[in-house]
Amino acid sequence: MRALIKPMMQPHRLFLLAMGIAIVAWAILTLDWSWLPTYLDNGLLLKGLWTTTYMLVLSWAMGLFLAIWLGLAQAAGPWYVALPAKGFCSVIRGTPLLLQLWFLYYGLGSLFPQFPWIRESWAWAYLREAWPYGLFALTMSFAGYEGEVMRGALLGVPKGQLEAARAYGMPRLTILRRIWLPQAIRRVLPTLGGETVLQLKSTPLIATITVLDLYQVSLQIRQDTFIIYEPLLLLAVLYMFYTGLIVLAFRFIERQVPAKLG
Amino acid sequence: MNWLFGLFEPGHALGLLALSPPGWGGALLTGLSHTLEIAIGSYILGTVIGVGGAFGKLYGGPIVKDLLAIYTTAIRAIPELIEILLLYYLVPDIVNRFLLSLGRPRIDLPPILVGTLVLGFVLGAYMTEVLRGAILAVPHGQVEAARAYGMTPLQVAHRVTLPQMLAYALPGMANLWLNLTKDTALLAVIGFNELTETSLQAGGTTKAFMLFFTAAGILYLIISALSGRLFALAERRARRGQPSIRGGGI
Amino acid sequence: MKLKTLIIAGIAALGLVGTAQAKVIKVGVASEPYPPFSTMDASGHWQGWEIDLMHAICKDQKLDCKITTVAWDGIIPALTSGQIDMIMSSMSITKKREKVIAFSNKYYETPAAVAAPKGAKFKATPASMKGLTIGVEVGSTNQAYAKKFFSKTATLKTYQTQDQANQDLAAGRIDATIADEMALEGFLKTKQGEACCELVGALPYDNETLGSGIGAGFRKSDTALREKFNKGIADVRANGEYQKITKKYFTFDIYGSK
């Protein structure tokens, strides 16, 4: 706590702090927040927050898992594995996520009428919902970006270590599990927090394919009440809070992992 | 080659992409040009903000430093989509209220201008961080040596700091440019007819969503491939005479 | 200090540019195909009944009107913040919207209706549509109507545009959509609409949610422009221009009761 208070105790910071408090007070007092209780009571805001959270967590975990394989394929695979992996990463990183989402949701959807049997299959229960497309697109996006990062991290592990492991007669899979991957992941860790924040900031795009996330809820509030700025401001504050949580969490994790490399 | 162009005539598989109506190829290219216009405009604006921000963060007074810290932190913590939506309505609103309070009539702010301003303002936060890092990376001894030779501060900046900094800044700047070209797609959510929105409109009208989204995707890929090349060339030029960064240490 | 003067100078410069072309009226149209009222063709030109009418009214009143596309869900903020000067995008005149913006007199009228995939075995009533997933356009009168009468028994799915709801109806992701009847008929006349879907029926009228006809939206302060536009509507109704345009797209007068 003292570490937090001490740097604030400078005249100009106190002035800025006072200005900040004044702005917040002005925002609370003069802007229109009458809609807030309604949407807290009917659970819409919480529901949106929950959707955003699980979309972020699931796409993060699945994306990272895929990214390890994408990185490995590019760093160590034969050309017929490395090339498609590289192509995948380039396409994901070279096109807007919004376009990818619309391609998956409306593009695939426009093909359904030509294949009536799809509606009879077990997959239809998922294909007719919007969230699977959102989750899939977010996962692929994270996998594409992190696959590139993993490739760099894997290639950055000193060759000598792998050679030493081989000289000990370790099987290839064991080398991967004990030496190569752990070191690569340690290398990725400092950037992972930032990448996770980027992923969080991508989630509102799924609202454009009807997923009821936090952003979609704010849109609905805007439509119901014709209030433009307040719901967006609340949203900005919520996302900032969320970003802060992620940054703190990653700082904590990084501190648990010994920083010394190689 | 004739068979290739034949594919793009009305009635053929890709006829919807023909450059002149009833094909939508021309509309897509117009969308592409809007995308590029906004991207280039906001890149220039963002770089200007970034240069000011970076120098302010390094050499500014305490208040300037703190304000810049708030700017870069807040902008980078909030989703771009929400920033764009907020500012897209806020900027014309404030400008017009300001003018009305002066007794002047409302002005016409074209969406393309507002979009450029908003994206440039957002990019400025990222650019500030990239350029600040690059300035810090210039070895201090070189600046001191230049001063010892009696160079004026402007000469130091022109001959030593800026050229060296560019080499360190270019990889980050290239990344920001690539992200920016993709972020222009967010303007589609406001209904601005850049490439992504145009492909949605074309898809909505003709119901050939797959075709138009794929076409737009290929255009984006071409932009990213071409600009990746250009930045690589620029980086090589900026690095002339410098030891390679890669390969050292590890 | 320097920065402040620079900003003021910049805004003033913009103001000069602005006043030089201030006479252009920017008409906001939702950027989605909405046949037969407003659709964009491949050369980027907007056409359709509403667009023709708009041009006729602007010509009658000697206004220099220019179409600006905006996202439907942000069309009212775009108007109030000054991005556009008027809305002409099949917007119903409702009490709720009138708290924020002002409307011209109505220029056409349409009931709400239900469309569904071909062979649907339900009627356009809440009881018959129990348990279905119904697509509506966000911020539309039909969304308000569906919320009031259908949300207790059915699942509502909101779309950014009606075209996207229609798209998902064709894809089979929703069981029905509630929208303006005339726009639905426009969709059902397209190749895709003809192949997939049919009109189930019109819905009973409700003044609170559906409002009183469709009008153009203006900022509350722009009374002069609104008056001009009202005069224009009356003029084109009187001189036969309205009927001429309507004949191009419909077989009956869509103005509704007087």
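Order as written gives the chain letters A, B and C; numbering starts at 1 within each chain.
Convention: contacts are C-beta pairs under 8 Å (C-beta built on N, C-alpha and C of every residue); 3 or more make two chains touch, one makes a residue touch a chain.
Since this is a predicted model, take the numbers as computed values, not measurements.
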Farthest CA centroid from chain A: chain C
Quick note, more Cb pairs in contact for A-C or B-C? It is B-C
Whole-Å distance, C-alpha centre of chain A to that of chain B, is 22
Between chain A and chain C, the Cα-mean centres are separated in Å by 36
Chain centres from averaged Cα atoms put chain B and chain C apart, in whole Å, by 34
Where chain A touches two or more other chains simultaneously, the residues are 106, 109-110, 208, 228
Where chain C touches two or more other chains simultaneously, the residues are 77, 80-81, 164, 167
Each of the following residues of chain B touches two or more other chains, namely 85, 89-90, 189, 207, 209
As the complex stands, chain C meets chain B at residues 11, 14-15, 17-19, 21-22, 24, 26, 30-33, 39-44, 68-72, 74, 77-78, 80-83, 161, 163-164, 167, 190-192
Per the touch rule above, chain B residues touching chain A in the complex are 62-63, 66-67, 74, 76-83, 85-86, 89-90, 178, 182-186, 188-189, 196, 199-200, 203, 207-210, 213-214, 216-217, 220-221, 224-225, 250
Note: in the complex, chain B contacts chain C through residues 20-24, 26-27, 30, 85, 88-90, 92-93, 95-96, 98-99, 104-109, 111, 114, 189-193, 197, 201-202, 204-205, 207, 209
The residues of chain A that touch chain B in their complex are 10, 12-13, 15-16, 90-91, 93-100, 102-103, 106-111, 156, 158, 197, 200-205, 208, 215, 228-229, 232-233, 235-236, 239-240, 243-244, 262
So, in the complex, the side of chain A touching chain C is made of residues 106, 109-110, 112-113, 119, 127-130, 208, 210, 216, 219-220, 222-223, 226, 228
